[in-house]
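Some notes on the structure that comes next.
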Amino acid sequence: MKDMIERLAFCIEKGKVDKDAPYPPELKDQDGASELTAQLLKSGVSANVILKEALMAGMHAIGEKFGRGRAFIPELLIAAKAMNAAMAHLQPHFESGEVKYRGTFIIGTVSGDLHDIGKNIVRMVLKGNGWNVIDLGVDVQAEEFISTLEEIPDAFIGLSALLTTTMMSMESTVQALKQKFPENKIFIGGAPVSPEFNKRIGADGYFREPQSLVRHLATIV
Amino acid sequence: MKDMIERLAFCIEKGKVDKDAPYPPELKDQDGASELTAQLLKSGVSANVILKEALMAGMHAIGEKFGRGRAFIPELLIAAKAMNAAMAHLQPHFESGEVKYRGTFIIGTVSGDLHDIGKNIVRMVLKGNGWNVIDLGVDVQAEEFISTLEEIPDAFIGLSALLTTTMMSMESTVQALKQKFPENKIFIGGAPVSPEFNKRIGADGYFREPQSLVRHLATIV
Amino acid sequence: MKKVFNTLAHPGEKELIFGRARYPLKTRKGLVIGGGKVYPELNFTLPPMNINAQTLPEIKNIYRSVITDACDRALELNSPGLVIELELLIEMTLNPDFAYEITAVIAEELNACFHKRGLKTAFRVTPNDTRDKNRPPVMRSGELLDKILITFEKCAKAGGELLSIESTGGKEIHDDALLNCDLEKAVFALSIMGARDMEFLWEKICKIAKETNTVAAGDTACGFANTAMVLAQKKFIPRIFAALDRVAAIPRSLVAYEQGAVGPGKDCGYENPFLKAITGYPMSMEGKTAACAHSSPLGNIAGAVCDLWSNESVQNIKLLGGMAPTVSLEQLIYDCRLMNQTDNDSALVLRDLMIRSDAYLDPQAYIFKPENIIAISKAIVNQPSPYLRTKAAVETAFDILHKALKEGELTLPPLEESWIHVIEESIQRLPSDEQQFIEQIMPKLDSSKFIAGEYDL
Amino acid sequence: MKKVFNTLAHPGEKELIFGRARYPLKTRKGLVIGGGKVYPELNFTLPPMNINAQTLPEIKNIYRSVITDACDRALELNSPGLVIELELLIEMTLNPDFAYEITAVIAEELNACFHKRGLKTAFRVTPNDTRDKNRPPVMRSGELLDKILITFEKCAKAGGELLSIESTGGKEIHDDALLNCDLEKAVFALSIMGARDMEFLWEKICKIAKETNTVAAGDTACGFANTAMVLAQKKFIPRIFAALDRVAAIPRSLVAYEQGAVGPGKDCGYENPFLKAITGYPMSMEGKTAACAHSSPLGNIAGAVCDLWSNESVQNIKLLGGMAPTVSLEQLIYDCRLMNQTDNDSALVLRDLMIRSDAYLDPQAYIFKPENIIAISKAIVNQPSPYLRTKAAVETAFDILHKALKEGELTLPPLEESWIHVIEESIQRLPSDEQQFIEQIMPKLDSSKFIAGEYDL
């Protein structure tokens, strides 16, 4: 069994979605993430063990490589696809409450700002680390964050801004959120943002890249 | 009489201190600021008229040239010397209260900072515009400003800082002063200082060069 | 009506050089861009602040002070000319009256400085392509498009002289193509979607330029190939992919010139050296002095064939030596001075030093070697349509890079090596027929991301 | 014991060139400065903040992150080496333990980067001359002097390798001399007061360098001739005065090398090209890429004979492309890359472009033409004492400038013209005898400003 879990983790890391998937060439015609997950479940391995020891382990391995500049985004993306394929099998177990995400993370690019590549990477890395991510997209008004938080009151929030001028929307979004939800943690990022700015607007942490956010989250959850 | 006043103004502008002064060569062996002032006083012209129409007019002319890049500092300095020579004759009239400065301006470079060239230029320009300037020097503690203000409660204050690190002393100096003397205006300057910084620390105005400070003072006094 | 480029304006390697364009542009105030000298092009942006009717007066003051400082510094440093770019921020394109007022302030300062102090200047205005504010974006109608066009017109009337934009048609597909390093989709986004959209858009911009007696200056694939460059610089995607994405952008950006633009191409278009070879129009470039805006593997080589030299963008914040835009300008002026001291011989020496400085360290730089610029540009003009041009450009560039790698003239980080093969395969999958390409790719696209009809698809 | 310089190490105009010094310096980590390549020297300073025991941890973090970012960028851009300068801020020299801790943090990062990733670095530390905190300053004894020397020693032990200072002996008189454009007093401040103080101070610094196995790197007349340059740049004093004040600073700064310093001379010493011609030691220079710290009429020409290329100083604040020091470093690296591509021929072409770029626009640049560097340096080494050397340097430079003005090779703003005569007269008043000069000038000085005994006067 341990062997099969390791194989699944390896398929996730390498982005082997299923048997038919042509990528990566060296795993051609072998079982992929989808098949292996189904088999593991069938043979009685708990969804929780699969999630932690295979899926998250695989994502962690590729995420780690990416963080050290040893893998590219497309590799991260294909791993995420394999993970999604596996997650489809776990879905009922999430619904039954048998397995749980680390928590929910609401993310979006602030109002007036249309840059989303950076935010999308953050989303991907969080997902790979076992977070349930709700992505509100770009040009997100404060009200949207608020109404989403009203539904999921224990969620964390991540704001992205790439323009010096939309840093001001970031500030007002943080203010609006903090007024209604003083306890929820808000993290910020994006090229023009800085630790000083974080302090000034009363957010709970600036992170230069998603890996350090994930590390920080691990220390507080 | 008008002719003589104009000649005195010209001597101030050109920096002709007295008859013996070799500078400027074209006024060699003519009467200088000192002689002309004495003569004017003798012939009954009021000290006030001499101050405004000759001395300050002369200083204004050279200051104006300097402000437009048409004169160098040494020319400003020599004009200031001529003015001092003339002022010596007016001194009794200041003491009797017959003539008055525009006001008193206390200036200094903040604690920790030893740069004084810029501050000295500000002092010179203020003096030339009829201000009584008290220069506390460099590396000036907040307490020194406070004790000077206690003696001259209606004075204006000017702070200079050239280092990013002594901008913090500027901030604390402003705070200390504002706490005791909320009504007194504090102006700031120096290469790293900016209008934003002025706003942040609650000072009353940032000026890039002394001319604009003088212009501003003229609108409020 | 469309201008056809099927030969090179600069076919000779030695004629492809900074400051000299085959068809220089003479501006209103008498600057001749590409006529022998390189001029600084200064860019700047606001510090963190809101943009609205309340802050507009403050914004105008900020821009005014940037311009007066810049003019002062240019005169102090004996700069023979100065180009200012106002890259609008989206709130300004969404409120064309803001754009108008800001443009007018800058134009007023530049005019005053020209008349009183003799500084020759030109003024570029770059409205935003706000159409992708709605997703999927509507490209050919609607209020957003209207406002873009109104902004162009108003800015032209307010004193803007050179009109540019970084148009975004195709970006809906290209963003994902980039992150997946999917060259087929990138080629589709640029050569089919991007080129078609630019044809639509630039016909209109050229008309406005004509009516307002201004200059249609050109478009850049900033949202495409520059995003690729930034991602490659962060080690997020392979550099070789970014290099190929760059050449794939050339035929797209060429469309502006086919529609009537005459340069100077905007600074952030690293496809400009190729466009200069093809069109003979002068081009702006950004390199080391734009490090304030982004790190780049093209710091020196970007200057090799430029006619304007830009800092891309810097916030108006205070540095020890002055406000950041003025600091940038001083650096640009000295870079230009160096180039402007050259005679024909030393110009080539300097150009070749710029090239050698960067060419062998990165594929994105390697394609900037003059012989490679010419080979790729030739491959482009030998083909009739944007798609076939793009296919030819990508193939030629890949061959050039492949050969350089084999011969050891260029090396790639080990991590990239496995990608060479992947990329080669996707190039081979590009058919010789455009319609076939469209049919082959459409089913693979996420149809929720774009509106096919907006691209005649 | 004193080293005597009475011939030129670089007598030939063509051997006076960037990257190549007659006596290169090999550093601990194997960088060879002046051995054929130009390396970037990065400087940086704190953003607005307090310096005290509470903020020390934060300060250390700031410096650490500046250094890791710099090392990353240097490696990304293939820089063959990197020099870091830590210019202390006075609170650090007043608290040598602060200086020690900060130096140690930087040294640790540089060591790690060398051992793990192979980046060759060298590390300059520049304590402050805090003696002028008391006015009039006590130069040869007292707690302030002790702390300066302790700081040198601690920083050397903490990993600083190149020791520099901008010493201030004579500034008490020089500041006023500058504002009054009084050349006699300036000559006195530099050649008598400054030179005597440097002899005193550098004997001690060289001893510390020997004992700690570090390098005595040199002193600059920053508080003198650079103040003159800044004032001239602001149009506060004539440029021609600043040019003469510059050459008057050369014999003063030479004293460090007479006492045993071996370079690289510190960036802000624009007397370095002359010192390189005289001593053959490598020199750091700052030019256009230091516009972040101050505007300069020497943007390109300053690079013509440099061995290290510096940005002088920039606050650690965020720009769009990254933190300002990293941005500066990228620009420096590209400047160096250009110089490092050259062979013997193209190096001269590039050098001459740098020279032509600036030489004819400002007297401070004109004296940097290689033939002028050599003529002035020769005049200096032909004389036996700092005073006579300074007199000769000023006379030679004045003749060179006067001739250039007459022949129209150089022009000055009209406002300066009347000053030429004033300056000429004051040069003529310099006697050939040092003692006579002292007697002639002492009565004219404000005796409250300095303590004569501290200068054996």
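Going by the order they are written in, the chains are A, B, C and D; count residues from 1 in each one.
The working rule: a residue touches a chain if its C-beta (ideal position, glycine included) is under 8 Å from a C-beta of that chain, and two chains touch if they have at least 3 such contacts.
Owing to the predicted nature of the structure, the values given are computational and were not obtained by experimental measurement.
Undergrad: So which chains are sitting against subunit A and subunit C at once?
TA: Common neighbours, subunit A/subunit C: D.
Undergrad: Measuring centre to centre with C-alpha atoms, which chain is farthest from subunit C?
TA: Result for the farthest chain: B.
Undergrad: In whole angstrom, how far does the Cα centroid of subunit A sit from the Cα centroid of subunit D?
TA: Centres of subunit A and subunit D (C-alpha means) sit 52 Å apart.
Undergrad: Could you give the separation in Å between the centres of subunit B and subunit D, each centre being the mean of its C-alpha atoms?
TA: Here subunit B and subunit D have centroids separated by 34 Å.
Undergrad: Give, as an integer number of Å, the spacing between the C-alpha centres of subunit B and subunit A.
TA: Distance between chain centres, rounded to whole Å: 63 Å.
Undergrad: Quick check on subunit D: which residues sit in contact with 2+ other chains?
TA: Answer for subunit D, listing residues that touch two or more other chains: 45, 47, 315, 320.
Undergrad: Identify all positions of subunit B at which a residue touches two or more other chains, and write them in rising order.
TA: Touching at least two other chains: 164, 192.
Undergrad: Just say which it is for the chain contacts: an open line, a closed ring, a star, complete, or other.
TA: other
Undergrad: What are all the touching pairs of chains?
TA: According to the stated criterion, the contacting chain pairs are A-C, A-D, B-C, B-D, C-D.
Undergrad: Could you list, by residue number, the parts of subunit B that touch subunit D in their complex?
TA: It is residues 69-74, 77, 112, 114, 116-117, 120-121, 137-139, 163-165, 167-168, 192, 197 of subunit B that touch subunit D.
Undergrad: Show which residues of subunit D lie in contact with subunit B when the two form their complex.
TA: Interface residues on the subunit D side: 45-51, 89-91, 132-133, 135, 175, 178-181, 227, 231, 235-238, 315, 415, 419.
Undergrad: State the interface residues of subunit D toward subunit A in the complex, per the touch definition above.
TA: Checking each residue of subunit D against subunit A gives 47, 318, 320.
Undergrad: Which part of subunit B faces subunit C closely enough to touch in the complex?
TA: That would be residues 164, 191-192, 194, 196 of subunit B.
Undergrad: Please name which positions on subunit D make contact with subunit C in the complex.
TA: Against subunit C, subunit D makes touches at 45, 73, 76-78, 233, 287-296, 299-300, 313-315, 317, 319-322, 324, 327-328, 330-331, 333-335, 337-338, 341-342, 346, 349-350, 352-354, 356-358, 361.
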